[in-house]
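So, here's a batch of structures to check.
Here chain A shows up in two complexes: once beside chain B, once beside chain C.
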Partner chain A sequence: MLAFLIRSLEAAMIFTFAGLGELVDQRSGILNVGLEGIMLFGATLGFIAAKTTGNYLIGFLVGIGIGALLGLMHGFFSITLGVDQVVSGMGIWIFGFGMTTYIGNPYTGPLGLERLPTVFGISPFFFLAIIMVVIVWFVLTKTGWGLNIRSVGEQPSVAEVSGLKVARIRYLCVIFGGMMAGFAGAVYGLYYNPVWNYNFLMGWGFISLALVFFSMWNPYLLFGGAVLFGLLWQLSLNPQMFFPGLASRYVWRMVPFVMTILVLILISSKWFRSRWGAATPEALGKPYHKK
Partner chain B sequence: MTVAGYQIRLQRRASLPGWKAAMFSILAILFGLLLFSFIFLQADQSPKEIYKQIFRYAFFNSYGLRLTINRFIFLAMASYAFIIPFRAGLWNIGMPGQLYMGALAAFGVVYLLGGKTGDLAVAQPVVLVLMVIASMVAGALIGGIAGLLKGKWNVNEIVVTMMLNFIAFYFVSFMIKDGGPFMNVGGRGESFELPEAARAPLIAGFPYTLVMVFVLMIVLYVLFSRMSLGYQIRAFGKSPSAARYAGINPFKISVLVFMLGGALAGLAGYHYFGAVPGVYKIARTYGYFGDLSFYGMICGLISLGNPIATLFIALLFGGLSIGGRYAQGKLHLGFGVDYALMGVLMISLVAFQFFYNYQITFSKKPTGK
Partner chain C sequence: MSKTKEQEPIELHGDIWKHIQPGEVILDARGITKRYPGGVLANDHIDFKIRAGEIHAILGENGAGKTTLMSILFGLLQPDEGEIYVRGLKVRFRSPEDAIKMGIGMVHQHRKLVPAHTVLENILLGHPRSRGVINVKEAEEEVVAIAERYGFKVDPRARVWQLTEGEKQVVEIVKALYRGAKILILDEPTSALTPVETERLLESIETMTNEALGVVPFITHKLPMVLTISDHVTILRRGKVVDHIETAKATEQILAQKMVGRPVIFDLQKPPSQPGEPVIQVENLSAKNNKGVIALKNVSFTVREGEILGIAGVAGNGQHELAETIFGMRPAETGKIIFNGQDITQLSILDRWKLGMGYTPAERTEVGSIGDFSLVENVAMNYYFDKRYNHSGFLDYGRLRGLTEQIIEEYDVATPGPDVKIQTLSGGNLQKIIMGRVLSRQPKLVIANLPAQGLDVGATEFVQRKLLEARSNRAAVILISEDLDEILSLSDWIAPMYEGHIVDIIPAAEAKKDIIGAMIAGLHQEN
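After this line comes the complex of A and B, so read on.
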């Protein structure tokens, strides 16, 4: 039971890392639906780097580095070139999906390194995730930087007039988002599921994206949603713990995906929106052209 | 920006003539293939030689050509499944889930008619018609979920269709593995084989689904250029809010485009598992065909949603992915060459989106200033 809870929280920390980056990204007005592709790249290249060098730190750094590069690429396409953000994000996802399948294939199999140490049985990354949640919340709501990020995401033309460099702020945010996603992928591939297989991320990037919508752009709600999904994910892998013999394992594997859809419906309903006042960043997804 | 006395400016395009759009699309593909050469170079192979082999196998070898055409039919249907919602400004990336459900429904018809264990009680044409209808209905129903949620509550269709892909993926596993109802008697983790009477007839060696592709092309062309519904879809895609003022019902449009798209993806599932010679079962590697349907997204984007242009691109990509697989085996390249190609083509296409939106103008800088 304890192992089950710990595993759930460890899944939650990965959703949190990826979701926090995307949250900051979206607060600045840039939607990156290619989260899955960045995470796949972070997981695969981080895995290969750690496996060939035998050094975890290099693996994580490679994951963060490739994430930053892909974030930069998304920024270049969507901010500088003015490409539709969904097209660019989809491109990054398919690029990640296709390339990692090819690049990672010779490394199929377990990582073969000693497991990373734990603190009270749980990964130290879990505590890092909590710290990151607080930091992101603090920066976004209590500091001048956060105000700048939010104003760029709400009214970019007004922000520009008041002296903010919209493009630069957005670039920083997408790069941060990419780094977090790359790191989340690396944690997945080096710690949570250190057995490389093609497309082994199983849609976690898309679930993280859904969690950002769920969070209404609030880091604490994001974390809560991540814990809920971590529990659901583990439950779907180990249904016999609670419901022995009920339904096939394949039916259970569908559960988190069904839940994602149900949660999205709930938060999109009029009742929920008027009750909780979900505040979508106004300029989200709209390209901004400097006049 | 100024370079060598010339002023270079970016201008947003108001409109893009068709021939220019076609040119950029072709350039995007060529650029993607050029980028992809690096993968061959990295594997110590001459790109020119490999491309020659790929094209020779895919288009000039009778066995390879047959594989290419089969894949072309599949990609064309998957592309159309993407295009219809795309013209309405909506993203259908649920082709895998829709085609899995389409394939299951087609096999379900055979199962219900007793085709798993023995011969069918009804005549072949009846079975075939029922299979086609069932696959389209099943695809339309699962696709319609995304359209319904989008139209009713504005739920993000990208996440929903992706989640539905996973749900359908496991549903197929449930049906064909671990003692599921469609499991092969030999229990190899794949579905039962279609009996003779449920196999699609061949026309000149190609499955009759090839004819469907051309019929679909005409239907889609007429829909988008001649019918009021097509106009409504396009108007909604250009500006949902303006379309609403024009009296277009957004709910109706999003449900409809997703159901139509899903139906065509379902048909693609029927084609690959029920009509391709030598398959006639839902293989253990059915996930591969789901992944492959994402090529449909690239075809749809490159052709800018044009149903006729789509066919040429689907033929090219079908050939490339078949030839890529062949080259992979022959030259001992790593697994997944066709996946990598998909990724590279996609990113090249995204970069070229820039040219659809902007034009670069050069003008001599005024002198004497």
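After this line comes the complex of A and C, so read on.
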């Protein structure tokens, strides 16, 4: 039971890392649906780096680094070139899926390093995730940087005439989002599930993406949603713990994804929008061109 | 641009505004020239000077180069030639940031505020005070203090989307002042204000000039406004300065003539009204706005053949919802719409077109036209269902083209031809096409939503004459306008709206501008 809870919270911390980055990204007006691709890259390259050097730190740094690069790439497409952000994000996902399958194939199998230490049985990254939630919330709501980020995501032209540099702020945000996703991937591949197999992330990037919408762009709600999905994920793996004999395990495996779809349907419904729509960053997904 | 060493505005700002003497030249623009790709000369060697403590109006029609000039002064555009001096110091603005740092503030006509943010957040945005952790309490006190100094009231914690247009404008002005603006550029400062708000704004501007600030309103068509507020006027036409005049020596006629380049007739020939049968009767009509809140509340009125009903009011008081509900774009929550004796409350938009309604929307580029389509195709949007142009599902493009050419001719639309994309047309020409395709159907009811908004003097006059022509052709006209002068000169009946209600319906002959002004500001109750 305790193990179940701990595994759930550890899943939640990974959703939180990826989701927080995406949240900041979206608050600045950039939608990155390629989260899954960046996480796959972070997980795979982090895994390979750690496996070949025997050093966890290098693994994490490589994960963060590749995340930053992919974030930058998404930024180049969506900010500088002004292409459709969904298309660019989907491109990053497919690119990540294909490339990591190809690159990682020779490394299929366990990491073969000593397990990372835990605190009270849970990964210290969990506490890092909580700290990050507070930091992101604080920066977004209490500081001038946060004000700048939110303004750029709401009305970039207003930010521009107020003397801000829209493109620079957005770039910093996508790069941050990429780093967080890369790191989340590395935590997955080096700690949570350190056995490489192609597509071993199994859609966690998409769950994290859905969580951002679910959170109404609020870091605390994001964390709450991450815990909820962490529990659902574990439940889907071990349904017999709570509901022995109820439905096939294949049905249970679908639950987190069905929930994701339901959440996305809910938040795009008219009912929801008319009540909570104001929270959506107004300029989300819209390229900004100087007049 | 010469390669002489130019200062970095950032460092000098602290000292440059010390010891200003009233009457001293604080901004000197020399030979400002801007060429757009394609060779259009938007600004052609424009010179003017602004003195401390002066209100210097810049007057010009749309396309006269006002917006370009304004954008150059605020660093949004860079001039191809010419120099700007601020207190004798040559400056070059690469971005609004540079202009702001040199003490130039701008209040845009289309509000540059983030609706979802609080007033304070909007004012702080881009301000040096907002670096790092924001001290909300201190900032609030400072903002309120600066607002009070100029006679403004602001609630720093209110969300901008909750504010009226007038309050939003105050936020923008306070924002500019809080950033230390010494020269305040106002783009069409009174276009969205009620007369009462205008009065208050003028008082505040006076306080500013007493403190030796330079105020520069850019104005398109409100000539009386120019005469009352400004000390000097610079008039632009086709990118050139036509004249600099001391306002004391100017009259409305002189200004209009210089601005348009020909004498303008202010008096519209309005024949006496000859009302006939009721065309439209609206009873207890209510409707929601886009946020789902009831914005039109129990409105009733009747318009007869050959009559114009003028709906006066400041944006956001239900006029828009009224127009869209009558036309079927928005469901009626309560009430009935009776058109020529028939209850049409539940009919589709298409049915309403077929019955003889016509609508010219305020959003000409979003609702009124499809930018990527040709003029012919845009005209077809009001004719595709018409048996004369639609033969069992096949559009008769030949006839549609003929019709479009006829509209271009009759409405004097400046366009290379009927096949160009409609987005290449200027605002005035676009509106002429929209009016043309609606009025050429000879509708029994025309709903004109802000028909002349944003148009220059010439196009405004034209559009207004066309509405009077429709009235002479026995159509009923519902005219929605924020311009009281327009309402007063065109309408037979005037219905001021405030917060979704029609305050009263007054015959135009008895209407007084100040009373209607008070009604649309919510200061006058129905007796």
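By our rule, the second predicted complex is superposed on the first by the 277 of 291 C-alpha atoms of A that agree within 3 Å, B and C clash if a C-alpha of one lies under 4 Å from a C-alpha of the other, contacts with A are read in each partner's own complex, and residues count from 1 in each chain.
Rule of thumb we're sticking to: a residue touches a chain if its C-beta (ideal position, glycine included) is under 8 Å from a C-beta of that chain, and two chains touch if they have at least 3 such contacts.
In this text the structure is predicted, and so the values were computed from the model without any measurement.
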Is this a clash or a fit when chain B and chain C both end up on chain A?
fit
For A:253, using the defined touch cut-off, is the partner it touches chain B, chain C, both, or neither? Pick first, second, both or neither.
first
With the two complexes superposed on chain A, say which partner A:143 touches: chain B (first), chain C (second), both, or neither.
second
After the superposition on A, what does A:264 contact: first (chain B), second (chain C), both or neither?
first
Is the number of chain A residues in contact higher for chain B or for chain C?
B
In the overlay, answer first, second, both or neither for which of chain B and chain C A:245 touches.
neither
Quick one: is A:162 in contact with chain B, with chain C, with both, or with neither? Answer first, second, both or neither.
second
Return first, second, both or neither, reflecting whether A:117 touches chain B, chain C, both chains, or no partner chain.
neither
Least C-alpha distance (whole Å) that remains between chain C and chain B when both complexes are overlaid:
6
Tell me, which parts of chain B touch chain A in their complex?
12, 39, 91, 93, 149, 153-156, 158-160, 162-167, 170-171, 173-174, 177-178, 180, 291, 294, 297-298, 301, 334-337, 339-344, 346-347, 349-351, 353-354, 357-358
Where on chain A is chain B touching in the complex?
33, 77, 81-84, 86-88, 90-92, 94-99, 101-103, 105-106, 198-199, 202-203, 206, 209-210, 213, 248-251, 253-254, 257-258, 260-261, 264-265, 268-270, 289
What residues of chain C sit close enough to touch chain A in their complex?
74, 76, 95-97, 100-101, 106, 108, 112-117, 121-122, 124-126, 129-134, 161, 175, 291-292
Quick one: in the complex, what on chain A touches chain C?
142-145, 147-148, 150-151, 154-155, 157-165, 274, 278, 282, 291
